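Single-structure report; data block below.
Lettered A, B, C, D, E, F, G and H in written order, each chain numbered from 1.
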Amino acid sequence: MNEKYVDIDFAKLDIERQKRRGCSEAVFCECKTEEQLVKIFSEFQKQGQNVLGTRVTQSQVQVLQKKFSGLYYNSQARIVKLIQKEINKYGEIAICTGGTGDIPVAEEAAETAEFYGSNVKKYYDIGVAGIHRLFDKIDDIRKANVIIAVAGMEGALGGIIAGLVDVPVIAVPTSVGYGSSFAGLSALLTMLNSCAEGMTVVNIDNGFNAGYSANQINRKISGEK
Amino acid sequence: MNEKYVDIDFAKLDIERQKRRGCSEAVFCECKTEEQLVKIFSEFQKQGQNVLGTRVTQSQVQVLQKKFSGLYYNSQARIVKLIQKEINKYGEIAICTGGTGDIPVAEEAAETAEFYGSNVKKYYDIGVAGIHRLFDKIDDIRKANVIIAVAGMEGALGGIIAGLVDVPVIAVPTSVGYGSSFAGLSALLTMLNSCAEGMTVVNIDNGFNAGYSANQINRKISGEK
Amino acid sequence: MNEKYVDIDFAKLDIERQKRRGCSEAVFCECKTEEQLVKIFSEFQKQGQNVLGTRVTQSQVQVLQKKFSGLYYNSQARIVKLIQKEINKYGEIAICTGGTGDIPVAEEAAETAEFYGSNVKKYYDIGVAGIHRLFDKIDDIRKANVIIAVAGMEGALGGIIAGLVDVPVIAVPTSVGYGSSFAGLSALLTMLNSCAEGMTVVNIDNGFNAGYSANQINRKISGEK
Amino acid sequence: MNEKYVDIDFAKLDIERQKRRGCSEAVFCECKTEEQLVKIFSEFQKQGQNVLGTRVTQSQVQVLQKKFSGLYYNSQARIVKLIQKEINKYGEIAICTGGTGDIPVAEEAAETAEFYGSNVKKYYDIGVAGIHRLFDKIDDIRKANVIIAVAGMEGALGGIIAGLVDVPVIAVPTSVGYGSSFAGLSALLTMLNSCAEGMTVVNIDNGFNAGYSANQINRKISGEK
Amino acid sequence: MNEKYVDIDFAKLDIERQKRRGCSEAVFCECKTEEQLVKIFSEFQKQGQNVLGTRVTQSQVQVLQKKFSGLYYNSQARIVKLIQKEINKYGEIAICTGGTGDIPVAEEAAETAEFYGSNVKKYYDIGVAGIHRLFDKIDDIRKANVIIAVAGMEGALGGIIAGLVDVPVIAVPTSVGYGSSFAGLSALLTMLNSCAEGMTVVNIDNGFNAGYSANQINRKISGEK
Amino acid sequence: MNEKYVDIDFAKLDIERQKRRGCSEAVFCECKTEEQLVKIFSEFQKQGQNVLGTRVTQSQVQVLQKKFSGLYYNSQARIVKLIQKEINKYGEIAICTGGTGDIPVAEEAAETAEFYGSNVKKYYDIGVAGIHRLFDKIDDIRKANVIIAVAGMEGALGGIIAGLVDVPVIAVPTSVGYGSSFAGLSALLTMLNSCAEGMTVVNIDNGFNAGYSANQINRKISGEK
Amino acid sequence: MNEKYVDIDFAKLDIERQKRRGCSEAVFCECKTEEQLVKIFSEFQKQGQNVLGTRVTQSQVQVLQKKFSGLYYNSQARIVKLIQKEINKYGEIAICTGGTGDIPVAEEAAETAEFYGSNVKKYYDIGVAGIHRLFDKIDDIRKANVIIAVAGMEGALGGIIAGLVDVPVIAVPTSVGYGSSFAGLSALLTMLNSCAEGMTVVNIDNGFNAGYSANQINRKISGEK
Amino acid sequence: MNEKYVDIDFAKLDIERQKRRGCSEAVFCECKTEEQLVKIFSEFQKQGQNVLGTRVTQSQVQVLQKKFSGLYYNSQARIVKLIQKEINKYGEIAICTGGTGDIPVAEEAAETAEFYGSNVKKYYDIGVAGIHRLFDKIDDIRKANVIIAVAGMEGALGGIIAGLVDVPVIAVPTSVGYGSSFAGLSALLTMLNSCAEGMTVVNIDNGFNAGYSANQINRKISGEK
């Protein structure tokens, strides 16, 4: 309990998180003002840390890009990165989506996993309505250390994959769908109730945590410290 | 609006339903007293009609069997039948379940479909946790005129099948599961949100309506009146 | 499992779906970028297939119409079609709505059913608040091979019709309503719990699946391959 | 605010409710001990008031019947009555049910309405699965001053009746059903969202309040004080 | 079942509703196009009927006012009226609100009740946070034939009033509130579960049905045909 | 973080909770085996602490009473107490219930508050259906330092009281009710959405936390350490 | 019941609330028109009372600031104040947030508590993802008379704090989060089900009631009248 | 897709699951008849495989123990095991519970993980109400390859741990609690919405999947095939 943090009043920056948790703190941008974001990024910059910003809005990006040259931005993933130290890569995570509409969440997971050190391979639009597309790729997919399955609507993709592989699967329900999909609830329940054991679940649309958790497993499997 | 019915006060028996709808009325036993059931069965017997009783309890069966000799009873399906006129069979319905626990609901569907005239073929425990079991049977399954897919927990079976066949699929969610399956809600939502078009859904555990609806489609496809 | 598909990275086009399922793949436009849609439509055009796009936005239509001359657009139904091969028609589907507000969903069902080959007849605004309007049309409605009942608010229309006919009824709940209609949940539950057997249900506002499923049944009844 | 009540510690008996509200207080038995019930009934007996007990259990009835001779008991309705002053009857309430399973709730409504002074006429099992049964009775039903419509499952009965009459309709959803009826929620939502105006709703299975409210309206229409 | 209606394709106007139900049909504007509304109003105008339009939008009003001179508009209530025959008034309805924010729903109820013939008296902002305001008015309120209680948030107003009067109370939950009011669900449940008998409930924000139902009761009590 | 606890494997007893929190730990009995309870009580006995057991079952009580002479048991409250040190009393808490059925939860609150040192005064069955009963007592009630309002069904009691007093009110929703009370959800939402500020809420049926929290406030107001 | 109020038709101002409840009435601005707000503020100004307006919109502020010079406005808290009499301060309330995004709700609580007389100390962004930040401040926090814990997402902050202190904790769930946070429901349930006794809960995002309730407790502890 | 299975009609045993998935199939006993269980266990016995039965009832155990000598049974975990081949152990999983009531679910996880090869270390009753108990153990806990956090009620344990370690955390919500815990929903939502990244979630009470998934990760980290 002697860890340090930087107190800037409206935020207490957890600058020793990498030491404690293996990965540095990410900044959840959505509910912060542009002024607050600039201060937070500046502080981390001062500490010489790499910074990952998630759920960034377009107007936030414009402000940040003016202030921080070289800021990386992936608009689909709604992610920004400020890279100050090189990232050494290890292992492989496979990221699959059921449909094209699930790609933004998958991209958030991919960008996060890469930020923390994992290699990523993507398999998009291989959902169960045309299941031969999945079977065509499955031998490749099962070579990864961890698999992330991203799907909305009925959300069956994760369970199908988990039933075919011997590696951990992390399922991400998305809010893609309408009517009784109830903004992702349907896919979330499908995934939680899967008959195929060996799959765990994160919050709806939470590509960030999927990428983070997959990297954490991958890092350990890859023997990284 | 000149159709007849038999008024026995606590019930108005719709004795011309077969004429109007192609299939006679079934008796939902669960919320009726034994006395009421005996009166209703007697009345239909008097009319010379075949009678189908659903969701019958064990103590109801004992009373009915004493009163009506030759009463057929399937305990898994919780169904009784009083057959007074021979049933001519036509076409074929395939009934599939995800697991062993879904069999009671599948049996209710099977007994119902057979009562109204359909031939039935059963494929039990072919769910997605070991999907090769389904693929092993799929060429047989797709020969049916209609497919009924019965599944609890994540309820993915129906969508997988619908994506592989060119015949109508009727999905029945079951209350098998626990925790966030919420007594069948999870499977119901999965089925309603399936990416695989061509599948329609009935109420949780409603094997009766699945069997009835499948028979109705099968009857028309088979060219029965 | 030797079926082909076209891999354009963000999408894997299921070009043999017609062979496998009797009907070609439709494109769910809502969650795709305009760029993605143009690529998908171009690919299907190259394959010589008819294309059905659902839930298209106005700005998507403008882009598509520039690129694909002769593109058909129904703004109520939010549907576009690119017709490259003539469609042979068979059988008849009756599409009914409870109110005027349910027409967009009914139109989506109608356009879909026609795209896949069915003849369609429409009966709009015949809901239960003035039930004589339904009784005036019922003799016509029951001549169809399949009936689609589209209704929001209390969603009672489907059950009333199912109780009067001997053909399959597919019920579509709509999100028309307010307060405790909970965006279509009320109508969905009504339809799932109908006392009138022989009716199955699709997702809220899912005119597309209703049209697809009705056509599938109609095609089989009409003896089409 | 000078009204009196009798304070027996665990209960404060509202003995002037008839003066204030036109109807005396009823006793909700379900969550009271037998000892408490005996004390409450004795106190009202002492005051010379008629007593209505609702949701009484079988073991409560046995205790009460020993103590209070002449206690009236309707087991279907789960109601007991202790009548000490004659009840003058007026007007007519029609009580309809969708099915046989809804009769217990209808009986609770009927017993309550009669206790407070209304004449009651019953129309049981006239639900929408065989709607000609309703149409056969509708001319009789619409002669009442108020109509109570009791239905479970889809709960469509109330709206159909309301669309055909010019008198107030009170709808009572029942917990009859299973699966996605969610113990009466489905019928409740149907009734709240009815397109047929002129219908109001009470709590699931609340025959008591339906009977009370209908009597209140009937009393005013009948010109009773 | 020989009643007439006017068939204008997208709508079937129930022109004999007044004969059948005592009150003419109202037009739910929200989900209709401006073109549809003009046609519907014109048709009713042709029939010489008074027209009530509910949930009208500002742009709909502008179109209607150009076309129909003398159109009455209450912007709070979102109601338009086209009066062609004088309305004879009878009896009195008391309309109460818990807060100022509930007034739009109360106004919808008031305009509706007046359109169909009732006199209306208003008591706004007398909710339970300062209950002496209600007690100050209660002697006036209880003189009405029917009381409408409109409240959001906790929705306790209706039950308090019902416990103090001997006339029917119709409770209208509103969507005023935030957080766990869940857009009116909290107030709806409060009202359905009220301990004070003699109160019935309508849908969230449904001032129209409250006004309609209250008028129906008031008309019968007032001895109007 | 140097606090001690007693580790008995299946439980880690927080024996310094009184020092840290002002009140000792209570034992939630419901989900513990009888064997576990005996061990826990023995350990606390050894430490010389008073012990409070909540939600105790009848068979647990029988085992505990054999083992621990002088064990106090309140069957309504489902509470046992083992008193080894005298309790000094201070201040006053008023505990009110809406109905007779809410008494068990109120008793749990009362026993808890007294165990921790508060004086308690009880006002049972003063709910809003006969609001003059509340007004008759209000001058007494508002003399307390804290008020606990216990109510099921609509749960309006707390808000009414909070609107009339200048002391903190803690509201406890109970699961008394049926149908759409949804086992206390209705009362919980009512209380969370109350217009009367100054009231806070605890979990459904959680008399224990209400008593604990009220005592904590009372202790501070009374100037106890 | 002889208390006065000012009747301005659309509102009944409870001008004696301070006398009755210790704190004057606050104005919930969100659902009022600008015209209504001006009238209400003017009336309170006339009475010489301090006025607190909550949930004020930017356009409302502009109108009010023109009319009432010296109006205080905190844009984060969405609060305005019109101060006419000096406020005497007493005691201390600690206000903590889990994250930066919870600050607006915390500010609403702080402004409210200060308006009614409490001293406030703020501890922002000390949530459980980096729990050493909380432990660093806890000795300060527990010196307050009351603690307010504001948190969204999982909402664990309140329970952690309650387990460490001997003063009352009021927990405020916020709608910060996404997916299955369901707009604050997740945090609300966490707080209601906390294992740490001594914490009570207010509605989602209801900083106002948290501040009001905390002040009420603080005022009593501080011995203010 | 050439994998084998054993077809015993009511079940299709996935005997090659170990080859495909690294772990053999487990038998979910709860919804199977005793007759079915005996047949399934016999078949696996014939194949020489170890068998794990979950959610076994007491009467099922009695039947199985008669038939299969040496059957291992853990009554808390509701698990039976038939061990025919020795299990080689690797790595370490830490299993923590919030309270004593969560132990049965933790035991199910422990038995499962051990069955598949993991070493397990247990930390029970270290929940947040006395957080020093967790801090006392944390240095031990973080040495594991994977951590399982089991908690009911508010379910905060998982997030606290995840914020302190650099290994993967799998959270298991339990149905321990009452009122608004809604049978585990509260804990489930807490865990899904945790601010502490690196934690994934399984279904309520699903100790089996937690143990299975943790073992899968542990196996890969330990370099087992």
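By definition in this document, contacts are C-beta pairs under 8 Å (C-beta built on N, C-alpha and C of every residue); 3 or more make two chains touch, one makes a residue touch a chain.
Note that the structure is predicted; figures quoted are calculated from it, not measured.
Participant: Provide the labels of all chains in contact with chain E and in contact with chain H.
Facilitator: Chains in contact with chain E as well as chain H: F, G.
Participant: Going through A-C, G-H or C-D one by one, find the pair whose contacts repeat those of E-G for over half of the pairs by residue number.
Facilitator: Of the listed pairs A-C, G-H or C-D, the one copying the E-G interface is A-C.
Participant: Determine the centre-to-centre distance between chain F and chain G, using the mean Cα coordinates as centres, and give it in whole Å.
Facilitator: Chain centres of chain F and chain G, defined by C-alpha means, are spaced 26 Å apart.
Participant: Between chain A and chain F, tell me the centre distance in angstrom, where each centre is the average of that chain's C-alpha atoms.
Facilitator: Here chain A and chain F have centroids separated by 44 Å.
Participant: Give, as an integer number of Å, the spacing between the C-alpha centres of chain F and chain D.
Facilitator: Centre separation, chain D to chain F: 36 Å.
Participant: At least two partner chains per residue is the criterion; list those residues in chain F.
Facilitator: Residue numbers touching two or more other chains: 1, 99, 129-130, 135, 163-164, 179-181, 185, 188, 192-193, 197, 203-204.
Participant: Determine which chains touch and list them pairwise.
Facilitator: Taking the chains two at a time, the touching pairs are A-B, A-C, A-G, A-H, B-C, B-D, B-H, C-D, C-E, D-E, D-F, E-F, E-G, F-G, F-H, G-H.
Participant: How about chain G: which of its residues touch chain A in the complex?
Facilitator: Listed in rising order, the residues of chain G that touch chain A are 99-101, 103, 124-126, 129-130, 132-133, 135-136, 176, 178-181.
Participant: Report the residues of chain B in contact with chain D in the complex, numbered from low to high.
Facilitator: Residues 1-3, 5, 9-12, 14, 17, 25, 28, 30-32, 36, 173, 175, 183-185, 188, 203-206.
Participant: Under the touch definition given earlier, write down the residues of chain F that touch chain G in their complex.
Facilitator: Touch list, chain F to chain G: 1, 20-23, 26, 135, 145, 163-168, 170, 188, 192-193, 197-204, 208-209, 212-213, 216-217, 220-221.
Participant: What residues of chain B sit close enough to touch chain A in their complex?
Facilitator: Residues 98-99, 127-131, 153-156, 159-160, 163-164, 177, 179-182, 185-187, 189-197.
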